[in-house]
Structures are given as structure tokens and as C-alpha cells.
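Look for chain A in each of the two complexes below; its partner is chain B in the first and chain C in the second.
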Partner chain A sequence: MKKPIEKETRAYMTGNEVVAWAALAAQADIMYGYPITPQNEIMHYWTRLAPQFEREFLQTEDEASAGFTTLGGVMAGRRSFTGTSGPGHMIMQEAMCMAEMMRLPLVSIIQQRGGPSTATVIYSQQESTLACYGGNGEGFRVVYSTCNHQELFDYTIKAFNTAWKHFFPVFVLGDGYQAKMREPVTLYDPEARGVQMIPTKPLLGLPGTPGVDRDPAQLRNTYNTEEELFAVVEDLRKAYEEIVPQVAEYQTYDCDDCEYLIIAHGVVTRTAQEAVKNLRAKGIKAGHFRPVTLRPLAADALLPIACRAKKILVAESALGQVKRMITDGIYGCTTPIETLYKPGEGIYTEEIEAKVLAMAKGE
Partner chain B sequence: MPNRIIEAYVGEYASGKSENAVNRALFLASCGHAVTLVDLDLVEPCFCLRPLRETVEKAGVTLLAFATEDTFGLGEAGQTILPAARFALMRQGDIILDIGYGIEGSKILNLLVGAEEDPDLQVILVVNTGRPMTDTAEKIISYAQSLQRVDGILLNNHLAEETTEEFLLQGVKIGEKAAAALHVPIVGVSVAAEILPQCSKVKQLPYEIRPLQRVMPNAFW
Partner chain C sequence: MSKTVKIAIAGEGGQGVQAIAKILTEAAYGEGKEVLYIPNFGVEQRGGVSVAFVQISPEKISALKFQKADTVIALSARAVRRTMQYVDENSIFIYDSSIEGVAEEVAELQNTAKKVLSIPALQIVSEELHPRVFNMLIMGAVIGATKVVSLDGAYAALEHNLGAKFQKDPSLRDMNRNAIQRGYDLIEL
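So, the complex of A and B:
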């Protein structure tokens, strides 16, 4: 396979382009998709680049088909991915739940747009619940919430390896801001940095006779009895819980002595980090906890920090979707939680600062 | 209407078309010209120049772009063109057109009344060699050939705040190779105004140097 990136380069790009290049660098074989803003340029750039590097693309008739054909690609042992947003993300949930049930290494790049429904094509953090717990699934998924172009590149590559290592569906949860904004990024070949791409393998159509030479490769999502289903879901739960310590990721900023803990994910971490610096300069002991994986949430790491704080602020561009995951994750912690919700709108540093200052004054 | 400056800025996605079109309009207005700036981006309609209305109008530039309230209710229901923009070439004075990206974007010239016959119209390809799709002469040539018309190249090589003079000069070499193969001139080299004072070699280049004020970060959607 021809290498798309021969030597490490600094480039100026939009987030969607970064994702297309990352998928190339990760040796993805094929993208399946259906157009929707703001993820379109992932497809645009993939379709322009794929033929140059012997990769493929299939545009399907809708997102349901895009999701299922991606699963088909995966079953055939191809490193496959899709990208979508908002209403498309909703339609794709059936395939995403099938991936949970059948343990299929599906990789989806989600560029969140405003909701509910069609709403805006611009930005939000309103697809966290959907990415983490969508459809009739039980959340047996890994969801990376990125905050900049470098992370879009790094985590798109990582998503393929997490998927093919653990056999759960993996999401890179970006948003319309990240999709469209422009900033410099370092493009690299993962192998040149010592990151080996995990080899893929067909999950169906294996050689030999099933039952004679090998066990049947039976991928099921349908069961006859409650007991049978219960046992299967229990196995999934145990398998998922085993990987939690390996895949849960988070970052902390000035959390050691922090009294006012700001929790934010995705692009909002950028403003939260700035707010911490500014608040510290004003003598307020602020800190910031950023879940990198929304699912699984690094709750064990967050709990002691949350308990030590005087007050917690959860800031998100949604009406508490991640806050609900936080309160569930730190159950038992009695630190009061306040919120700064701006569904479908960006959150500014000054807004977080003003909110924390008010909290510190006891307002 | 002699000596009119009529320029249409085309190019790759995120190549800097709007940034350069706005800067050009502001520069021409500062020289005392009557300037009309036209948002002809149908690929991403209503998003680009709209938030800059106040900035450009304060500088005396006439802006032909949808106002925010005009776009309410349109959602994604098809593409819209401002009628005044379609007939922009019939206006007096200089006209700067900001065109949507790629092949589909450049086709908008078909909708611009008088574009084919206008003797002053220059279609300028904006190129940033810091972008992987246009980082070699071969890629720029092939991209330019996919567009229906290119009359000149504006080099807008940069890596945002990480741009160095060395990077600029390397990009100029790539641009020169592409321009020669395409038989079109390099109409200018754009350089962020804040780094220009440190770029003595760039200033000696035989091209028009266009100091660029970054206005687009304020326009983001």
C-alpha cells in the first residue's frame, strides 16, 4: 500500500481534511458514507485522495445503508469507516447497535451539528448521548471527544486500532467547529512514530468447513429467548468492563489543589483551559478535568478530584448530556454542581470565568 | 470604464479566497477606489462574508451579501444567489468577487451576467502551499486545469501564526513552477502583515507583496 505521508509535515488544514488524511495514514481501506454537513469534506477529500492510494469509497443511498455497508466492509476484513452528523448519526444508530451486539470494529467520525432534529449545520455538543448510548444499545462503545486538529488526526488513527484490538465500535466525536476551522497540524505516518496498525482480518467467509475444520463464524444479533439474550449481554458487559481501564482517557489542568473544578469536553476544553489560567491569575484556585473518552468515562480518576473541590462547574454546548454521565460517574460525591449550558452555541472563556467568579462569591 | 479592477478569487477549499478578497477590497478602498465586494460562494452560502459587513462597510466598501436576517428560514433548502450579486459586473468601480471553492464553486462564473465578455475580469487562483492538496507544482497545475478559467495565481502560502520566511520562499518557488507551466502570471504574494517586517528576502521578490490583515477569524460562520 502506497504511503500517503512519506515524511512528517506541518500543514494548514480544516478538520475534515485532517480526518481524511488520518484515515489514509491509518491504512483505512474504504469509506462508506452519505453526505451531510458539516462532515462533507471528509468524504470530499477521501474521494479525491482514495484513488491515488488504492483505497475505495462507496456512497450509499442513505445513512442506514452507509452504516450497514461499513459493517459489511468490516466483516470482510477491510479497515472501514464512515462519517456523519446530526440526523445522519441518528439514522446510523441501528448499524452502530449491531456493531455493539456483534462486536464489530466499526469506526465512525461524527461532526456534531445543532439539534434536536435537523436544526443547524453548524456546531453543538448535542450528540454525546447518541454517540455513547444511542439506539437500543447498552453503550458498549468507545467515544473519543477531540478538541483540535492534532487530536482529530491522532484519534482517528487510534480509533482504528482501538476498534480492531477490542472489537467494539469506536467513535471520534468532533463537531462543526472542528470540522470547518483551520489550524496547523502535524501529519505523520503512524509507523514512523512506532505506532503499528493492528492487522485486520475477515470475520466471515473463513477458510475450511464450519463445524469440521473450525468453529462457525456466527455473528448474531437475534436471539430466541430472554435467557439467551441476557447471557449474551452479560458477556458483552464483562468484556466491555475489562477494557475500561485500558481505553478510558482524561486530562487534568491544575486539579491538585483546585477548589473550583471545571468539567468540559471537546472544543470547550480549550476555553476551559484558558479560563483556568485567567482565574488562577486572579487568585481563584480553579482546575479543569477533561474527559477525553466520554465513554467509557474515567470516573475513577474524576471522583477524588470532584470530592476535593468546593464546587463543580460543568460547561457544555448541550443541555446536560455529558453532565448526566458525570453525575452518574461520581455518584456519592456531595460537591455542589453548577452548569453552563449553551446548546448549539460555542462557549467563551469569559463566560466560564464569569460563572466561576460568581460561584466563588457564593452567588 | 477604463482601469477598472475586476477580480474573481477562486481556489481550493480553505485556500484563503475570502481572506484575500476582503483584504483586496479594503486595500483598494483605502486607495480611494469605489469598491464592491461580492459574496458569490454558493458552496457554503450565507456563511462567509456576512459577519464582516460592518468592517467592510465602515471602510467604504459596498458589500453584496445576504444579511443574516435574509437567510433565516432558508435552512439547507437549496442554493440561493443574491440577485444583485448576479448582476454585479454592471456596477461602477472596482469589483472583487469571492467565489466558492473547487470546480463547483468556479462554475458560479456561468451565472455572473457579463462574465464571459468583460475585458477587465481576472480570475485569480488563490494557492497555499501549506495545504497538502496544493503543496507541489504538479498538484497546483492539475487543480488549476480542473477549473474552467484561471488568469493568474495569488500565492497565499502560510501556516497561520507558524509561517516563516523560509516557508514563504519555498512556496514561491513552487508557485513559480506552476505559473510557468500554466502560462499565467503570479499576480501577488500575500504575507501576514505582522510578519512582513521580518521578511526582507520576500520584500525583494519581483512580485506585488500584499500585506494581509487576518479578518476571517472574526467571520467564522
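So, the complex of A and C:
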């Protein structure tokens, strides 16, 4: 098959276009999707590019169908993915929970828009809870929260490998800003950088007679007794807990001696790090901790940094969705936590700076 | 402290605001600068105010949003009202002279902005060029006000975006370039 990216290329494009290129580079076979802003152009670019590289696309009748057809693709052993946003993300949760239950390597790109409900098509961080703990699942998922185009590219590729290595659903959690904005990015072939794509395999329709030549491939999401279900969920929990140390990712910025710890994820990372730089220039020992995976949260890494700090500020474009995960993750830490919440709206550097300055003054 | 140039361009949907931002930032990217461009519009298919937030810098750009812009360009009355919030004592505010009903806003801007410029962009394109190159004249004015890219850089990006159309009708190339040059010359700071 012709390689979509022969040599490293610097490009200037939208985030949705970056995702389409990343999926191509990751050897994705097929995308299933249903249009919703601000995710649409992932589909648009994919449908434009896919035929040139013998890849496929199926537009379904709605997001429920897009989710389930993606699972079908995965069961057939095809590297499959979908993308959605906001209300579509809600509708797709049923399939996402099925992926948790059946250990299906589903990959979804989420470009968060404003909520609740239809709200705006612009931007938010209000789909964190949904991505991490949506539906009637137990959060057996991996959620990467990206902050720039390079990460959209890197983590879309990584999402396929995490999914096919661990067999849990994997989300790349972007947002409307990342989807629509343009900034430079370096596109590359993962294999040229030593990243091997994990081979996919069919999960159903295997050769041989079940029970004679091989074990039956039993993919179940329905159980008859409470005890039976409990045992299954316990197995899922154990399997998930085992992968936590391998998949939990975080980033620290000036955290070694920091007194005022800013916790922010996604694009707010960029604002937080600029604020840290400006605050340090004013003599305030600020630092930034960024959960790269919102689920699982790198709580073990965060706890000592949080406990050492004088005060913590959680900044997010939502009303405390990630803050709740943080407080749960660092339970027992007595450092006071303040918040800067702007649900559905971007956060300015000046706002974080002013808040930390006020905290430092004891206001 | 930051050498990042921050620009907000706003107009009615269809006035070509996003095309200006796309071509301008492509020109800057082509000249090796760091760029970040975020389009902003609502759910409506047409009839809303469309805003483009642009940052151009020699260094990597961190925060996505900015509170105050170095240059703000507003192409309609609603766009003037919408973008006043991005103006402070370091900002240059540019608006089209044909916009009506914003006398109060302009008076207020004259107190807050470093400079307020009214340019007869619509009049020039209607009388001397063609209404279709209105946005390219505005892009020329943005370049004149900010000097973030060279005119040659802008022409190269223009070629990249509209080259196919220019091949069919080479007179379009001259018309667009003239509009950019005319807009550029309108700005005297």
C-alpha cells in the first residue's frame, strides 16, 4: 500500500485535517461517522484522502449507528475509528460502553463544543466527564487530552496502538478551537520514527470450528445473574488497573519548587504555562501540572506535587468536571484548592495570572 | 515582553474575513513565522458576525486567546460593537468609513485606542476595482498596519489560494494584487 507520508513534512492546516492525516499515517482502514460541527472536517478530509490510499469511509444514519458500525469494523479486524462532538458524543455513548464491556479497541476523536445540549459549535472542555465516564460504563477507557496540532497528530496515532494493545476504548479529546484553528505541524510516518503500528486481528469469524479447533470467540454484553455480571466487571476493573501505570501520562512545568500549582488540561495548558512564565518573572513560584490522560489520571505523580504546594488552582473551560477527578485522585492532600471555571469559554493568560496573584496575596 | 502580533478581524458572514485570515497567516507561515489562526462564528449558516483571531510571532505561540489586540479591523456596525472589547491603549482600530450608526462607539474608541483609522475600502473597491476584492484590500490594510508579512509573501499566499482561478483569468491576479497594494497604501500611521 502507498504510504501517505513518505518523509517528514511541515504543514500549516486545521486540527481536523491533522487528525485525518494522522489516521492515514496510523494505517487506519476505515472511518465511520455522522456529521456534526466542529468535527465535520475530519470526515471531509478523510473522504477526500482515503480513496487515494485504498482506505474507506461509511456515513451512517446517526451517531449511534456510527459508534456501532465502528465496533463492527473493529470486530472484523479493521483499524477503525470515528469522530464526533457534543450531542453526537452523547448519542454515541451506548456503543462506547459496549466497547468497555466487550474489550473492543474503539478509537474516537472528540472535538468538544459548548454545552449543555446544542449550545455552541465553538469550544469547551465540557465533555471530559462524558469521555471518561459516559453512559452506564465504569470508565474503562483511555482519554488523551491534547493541547496543540502536533499532539493531535501524535496522539491520534498513539490512540490506535493503545487500543489494539490493551483492548479498551481510546479517546482523543480535542475541542472546537483545535478542530478549526490553523497552526504549524510536522507530519511523519510513524514507522520512520521507530513506532510500529500494532497489527490488528479479527475478533469474530476466526478459522476452525469453535470448541474443536479453538476456543469460541465469545463477545458478550448481556448477563443473566448479578453474580455473573459482578465477576465480569471485576475482571474488567483488574485488567484496567493493570494498564494504568503503562498508559497514564502527565506533564510538569516548573513544578520542582512550585508554591502555586496550576492544574489545567487540553488547550488551557498553553495558557497556564504562559501564566507560569509571567508569574515567575514577577517572583511568584508558580508551576503547572497537566494531566495528559484524563483517564486514567496520573494521580501518583500529582499527589506529592499537590501536597508540597501552598495552594492549587484548577483552571478549566467547564464547571469543575476535571477538578472532581483531581480531588478524587489526590484524596487526603490538604492543600487548599481554588478554581477558575469558564464553562464553554476560552481562558485568558491574564485571568490565571490575576487569580494566582490574588491567591499569593491571601485574598 | 511578547513579540507576538495579535490581530482581530471581524465582519458580516460573507465579507471574506476568514479568507483574509487564512491567506495572511499562510503568508506569515511561508515566511517562516509561527502562526495561530482561530476562526470564530456561531451556528447560523449566514448573517452572523464572523471573527478571525490571528497571532503571528517569531516564537512559538502559547495561549490561544488574547484579551487585547494590536490591530482590530471591523467591517460592519455589529463587528465594531463586537470587537471594541479587544481594544486598549496599544491598539490600532480600523473600520470602513461606510459603516453607519457607530458614531458613539467610534467616539469611545478614540478615547481607548492608540489610533482609530477610518478607511474608504468599500468605496474604493466599488469605484476603482471590483466589490469581489474588498477583502484583499482589507488584507492589504492589515499588512500596512502591522507589517507582519511582506507584500511579496502575501502575493505568494494569494497565488497558493487562488492560483487555479488566476490561470483561467489572469486579470484576476492583477485585480487582487492591486487591491492588496491599495489597502496597504491606505494606512498611514
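Definition applied: the second predicted complex is superposed on the first by the 363 of 363 C-alpha atoms of A that agree within 3 Å, B and C clash if a C-alpha of one lies under 4 Å from a C-alpha of the other, contacts with A are read in each partner's own complex, and residues count from 1 in each chain.
Quick note on the criterion: a residue touches a chain if its C-beta (ideal position, glycine included) is under 8 Å from a C-beta of that chain, and two chains touch if they have at least 3 such contacts.
These figures come from a predicted structure and were not determined experimentally.
Student: Overlay done on chain A, so just call it for chain B and chain C: clash or fit.
Tutor: With chain A aligned, chain B runs into chain C, so clash.
Student: Between chain B and chain C, whom does A:Trp21 touch in the aligned arrangement: first, second, both, or neither?
Tutor: Touch partner of A:Trp21: chain B, not chain C.
Student: Using the superposition on chain A described above, determine whether A:Lys342 touches chain B (first), chain C (second), both, or neither.
Tutor: A:Lys342 sits against neither chain B nor chain C.
Student: For A:Arg270 in the superposed arrangement: first (chain B), second (chain C), both or neither?
Tutor: So A:Arg270 only meets chain C here.
Student: Tell me the contact category for A:Arg280 with respect to chain B and chain C: first, second, both or neither.
Tutor: After superposition on chain A, A:Arg280 lies in contact with neither partner.
Student: Once the shared chain is lined up, is A:Met13 touching chain B (first), chain C (second), both, or neither of them?
Tutor: Touch status of A:Met13: first partner only.
Student: By the touch definition at the top of the document, which applies to A:Glu350: first (chain B), second (chain C), both, or neither?
Tutor: In the superposition, A:Glu350 touches chain C alone.
Student: Looking at A:Leu187 after the superposition, I want to know if it touches chain B, chain C, both of them or none. Which is it: first, second, both, neither?
Tutor: First partner only, chain B.
Student: Just to be sure I read the superposition right, which of the two partners does A:Arg324 touch: chain B = first, chain C = second, or both, or neither?
Tutor: neither
Student: Using the touch definition from the top, say if A:Arg103 reaches chain B (first), chain C (second), both or neither.
Tutor: So A:Arg103 meets neither chain B nor chain C here.
Student: Kindly list the residues of chain A that each of chain B and chain C touches, one partner per complex.
Tutor: Dual-contact residues (chain A): 12, 37, 118, 121-122, 177, 180-184.
Student: Any idea which chain B residues touch chain A in the complex?
Tutor: These residues of chain B touch chain A: 13-14, 75-76, 128, 130-133, 135, 158-160, 162, 220-221.
Student: Quick check: in the complex, which residue numbers of chain A touch chain B?
Tutor: Touching chain B: residues 9-14, 17, 21, 37, 41, 44-45, 48, 118, 121-123, 176-177, 180-184, 187 of chain A.
Student: Give every residue of chain A touching chain C within the complex, in rising order.
Tutor: The touching residues are 12, 37, 118, 120-122, 177, 180-184, 267, 270-271, 273-274, 278, 281, 346-350.
Student: Can you list the chain C residues touching chain A in their complex?
Tutor: 1, 22, 25-26, 29, 34-40, 42-43, 61-67
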